[in-house]
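Multiple structures follow.
Two complexes follow with chain A in common, the first pairing it with chain B and the second with chain C.
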Partner chain A sequence: MMRDVAIIGAAAAPVQKRAPSIRELALRASVDALADARLEHVDAIVVGSMASGEFTGQHHLGPLVADQLHLTPVPALRVEAACASGSAAFHVAHVAIASGMYDSALVTGVERMSGVSTAVASRILAGAADYEYEVEQGASFVGLNAMVMRRYLSDFDVGHDQLIQFAVNAHRNALTSPHALLKASVTVDEAMSSRVVADPVRLYDCSPICDGAASIVLAADEVAQDYDEAVWVRGAGLATDTMSFHDRSDLLTLDASRIAAERALEQAQMAVDDVDVYEIHDAFTVMTPLILESLGLYPKGEGWRAASDGEIALDGRVPISTFGGLKARGHPVGATGMYQLVEATHQLRGEAGSNQVPAAHTALVQNMGGTGSTIAIHILEATR
Partner chain B sequence: MKPDGTSVGGAHELCWPRDSTADATQCCACERVHVPARWHRCLGCGSQGLAPTRVELRGVFESWTVPHTVEPDGAEWALGLVTLDAGPMLTVRVKITGIPLSIGARVAGTAERPAAGPERFWFEVLSAPETADAALTEVAA
Partner chain C sequence: MMRDVAIIGAAAAPVQKRAPSIRELALRASVDALADARLEHVDAIVVGSMASGEFTGQHHLGPLVADQLHLTPVPALRVEAACASGSAAFHVAHVAIASGMYDSALVTGVERMSGVSTAVASRILAGAADYEYEVEQGASFVGLNAMVMRRYLSDFDVGHDQLIQFAVNAHRNALTSPHALLKASVTVDEAMSSRVVADPVRLYDCSPICDGAASIVLAADEVAQDYDEAVWVRGAGLATDTMSFHDRSDLLTLDASRIAAERALEQAQMAVDDVDVYEIHDAFTVMTPLILESLGLYPKGEGWRAASDGEIALDGRVPISTFGGLKARGHPVGATGMYQLVEATHQLRGEAGSNQVPAAHTALVQNMGGTGSTIAIHILEATR
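The block that comes next holds the complex of A and B.
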């Protein structure tokens, strides 16, 4: 019999262009989350990071965090699932507590990407794709998304300026986000005149390389029931797809996202329309409509309408990127899933300030590794 | 492959046509094109042998982008997606020639396996979509 699990503490460090060290980043978020939970000890620590070794030289993050928190000999380990590493770490901790192995756990997602050049960072990030059959042919992550974007624009007769509105919405929400990196509003015209990175992808279609860390304390129901502000994990879905785009039956379908969502929603006994807040993996503007379609919120080829119709605003039917999303809050890869979960927690506690989605009671968090090869989806529900 | 010769779930071993100039070489099990630097045995048909070092491929252009990484020799090329006539799709390098890149264009290329390292797929555009039939005839001739 699985136990109910809840979030009892959450904190996010400000996303930065250049943080002093991965140690400091992880420690700051972890300490703040433990303080938020009013705990000094947990039964286990799980750290999510995509490529700390390649970016900083530092592997072995589990004991690093445990040591810095003076919590040794607590069990501690690192989980890797490319850009879904944060959510994957959360998933592992959730399963461990639900199974009865532990009563509480600290989950920290951390990445410090600024220690290497953009070219080296691009090469490291490309490792989330199929290295032999995509990267060795010259593909970067931007290049792969560019090919999908060209096909989306062509197949569904969509204008680039319509997709770029997802970026405009993200930047608008980042303006009042306490931890966002890019706190600058942008217009459609400004975004459309930004430089081409990989045709047709322009700079404002992309999320930035940056540093960040976010943490959550999870606890079993017998602990969490004492917390009025506990946010319950009602559903968890993890699914995989082919490593490369070219092995998919359809370039413009994210099957793993659909399957993970179905699993999570079934566990939560909810329909996707029942959700009040959606934090999705908007690493590139073209991914947003593909994800919205995979979740069943829009028919295939019509996800782009979400931005044009204003439905993604904070008071819209499908509020997304409520603190700026990957696009403007920033995308410190292995930490991103944890930022999404922390932001959803703030929404469900009613602590989101100017970024608050009215009457938010449930949230869906969708985090993607690679080009959709790993998808982690969690459904959260407020106590109040 | 297990010691008793039965299949291991999910394993992809390869089957290669004897004619190395065939349109595509692909695995009977997964239908994916490979040029492996190793002996192979196909789970589907039981054939075995050494993969050819160079095969010719033809197909249709699905999408592309001009890459932001450039070869040391300065050769212009784009990153492309091609659906081969034999079925599988590949991520390839497309040489920039006088024919504009467009979805649906006929393309042809090679898969080459170097002495060390992974194979490379180099393609060129044969014709724009509206003249695809003519290009096919030309290739066949």
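The block that comes next holds the complex of A and C.
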């Protein structure tokens, strides 16, 4: 019943330490994606953003983007799922086109986090976790991830210096990424001697606060079949888990990620090993092995081996963070899912330059909100 | 290609001056709607809220509601379109079911505004307008509406005492509304002598800041056909306009409302006069005539006659605000669209008690974000 849907345009604005305005950020990525799709109009606009109201004062980003593009009265709205807002917005647009309601849509993920102090940003971001049962009790978002990391290091036969190799890989890929924020290579020793943020999480275990926007134009098969470089959405899975850690049976199992992946892969009629590129939500180094395990790529407690065995390199079995990941491309929270989808699109079009994964034909994009309370997974496939 | 979709459950929590918690508000309406639908599970959850992060600290309402209902890993996300967030969330769920992606969904609109001072609430609400070009320049949301009202009173042959009759009508209907906040009748003289908020807007021209939640269960035709009281979604129109007043050709024309209504009515294959009940976004008294004019129910500049001619009464030609409207039921911003849809559902089921519009078979629900920058319109029809 649902129609096939494809990506026919994609663009990512350079991630910045401080962009002048959320509207200009969103406009730049949106205009570039429309140009990439060779379209001047779309049937709908969906914006993904976590907390534009708190970060910038500006709610109501749907009509803001429509207005900036001079596309009113086009239908437009915003979708929020904390740090998974970008992928959730993509999901809403995908379903709306598949339904036949719209033939094309622009999806823009945007966040401008630099307008508030780091302390205020930390308080805003904590709202992705359970505010009453975790945040009000003193938990910060980094603190929650520190608990997970401590438990991972304690339960499994792995050292911090092995986890930090995920950061080293991300920084290596960011060096040649056209839109990454942190273009500086780092060694394990340098990363391990960075300052402690929330023990055992060190600075190089964390993704940075920053500003960014990334956009995609989606279209129904009737439109997309005219595009040789179209990238098809073959599977979509959205799943939730409890807001609080204390309600989960196991701190080290991302149930929603496993379930969302199963749904998306089943739709795509693929096995996880069939995928050529994996863009995953590496917001903290410990999340990477947990995600790789949740996808079924490694047994529980062994995801960390992906880094030390070299499998995550661009020419490895499980290439991840191919443009720097959240760690080094940057993590403008509500925009991140859209950066991941744009990066996967570049890979599947063979346009990733120095960051190209050889013969990439399929990609899995995994985006997380909160401490795994929302997971959105998409499976993409190249036309060629 | 799209499937028919119907409302099979609906519930509205009493609008309150101060609710203890956003999660309890959302849970109450959600549980009641699921019970009304005689369902224990749905395929997806969509939450509508304008600014839960700023009002309560809690973002990420999708998994919060899923978690509270013990329905994880159900897919869940939040939709925002300022004061049209409720209807926009309903739209996303409607399209997702029509597409075949999901067979049922819970939609919950919720806002808890009472946790901040009125001054802070005023600043948050202003984020529905253009933050950089209007709010930063000193405009408040009430101030923007005062400009519109001054212009309406100046351009057309109408007095303030005639506009305020819309408030009198809303208060009259709220007296017997089971979930309205302001259950007190008011006379024209009393309303006209209330204090000035932003000249010429007086207190009784404004809807109140408050807390509330309303929920609906939507289902595909295969499921809904077993429900005698199902209310069908016959048309949906979402449209945008510029964020700033200075970019519009006319301060007194709601273009997006006209366009959204045309789309929704065309889908429903109906004329606007065919509708039996109109729930419209009466956030300020002056908005009511503008909306009635945008829908084509009155010529430009004559919408105010609806009140003085008595046509808006429950047994009139254009019954509006049948449970008190935004003015007297209350306007918990991101929940309002869902209150309107729940109220229309009660009307079409013939369950509106003392507030029943005689022989109501079809309803038009109009919900506005910002100063008309987002308009969502839905056409509903009873089964019987």
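Assume the second predicted complex is superposed on the first by the 384 of 384 C-alpha atoms of A that agree within 3 Å, B and C clash if a C-alpha of one lies under 4 Å from a C-alpha of the other, contacts with A are read in each partner's own complex, and residues count from 1 in each chain.
Keep in mind that, in the parts below, a residue touches a chain if its C-beta (ideal position, glycine included) is under 8 Å from a C-beta of that chain, and two chains touch if they have at least 3 such contacts.
This structure is a prediction, so every number in the text was calculated from the model and none was measured.
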Pick one for A:247: touches chain B only (first), chain C only (second), both, or neither. both
Touch check for A:128: first (chain B), second (chain C), both, or neither? second
After lining up the shared chain so the two structures overlap, which partner does A:80 touch, if you call chain B first and chain C second: first, second, both or neither? second
Examine A:62 and indicate which partner it touches, taking first as chain B and second as chain C; both and neither are also allowed. second
Quick one: is A:210 in contact with chain B, with chain C, with both, or with neither? Answer first, second, both or neither. neither
Applying the touch criterion given at the start, work out whether A:201 contacts chain B, chain C, both or neither, answering first, second, both or neither. first
Once chain A of both complexes is superposed, is A:377 in touch with chain B (first), chain C (second), both, or neither? neither
Check whether chain B or chain C contacts more residues of chain A in the superposed model. C
Per the definitions at the top, what is the overlap between the chain A residues touching chain B and those touching chain C? 130, 132, 136, 244, 247
Under the stated contact criterion, what part of chain B meets chain A in this complex? 32, 62-69, 77, 79-81, 88-93, 103, 117-118, 120-121
Using the touch definition from the top, list the residues of chain C that touch chain A in their complex. 1-3, 21, 23, 44, 50-51, 53-54, 56-64, 66-67, 72-82, 88, 91-92, 95-96, 98-101, 123-124, 126-132, 135-136, 238-244, 247, 255-256, 259-260, 369-370, 373-374
For the chain A and chain B complex, residues of the former touching the latter: 130, 132-134, 136-140, 142-144, 146-148, 150-151, 154, 197-201, 244-247, 251
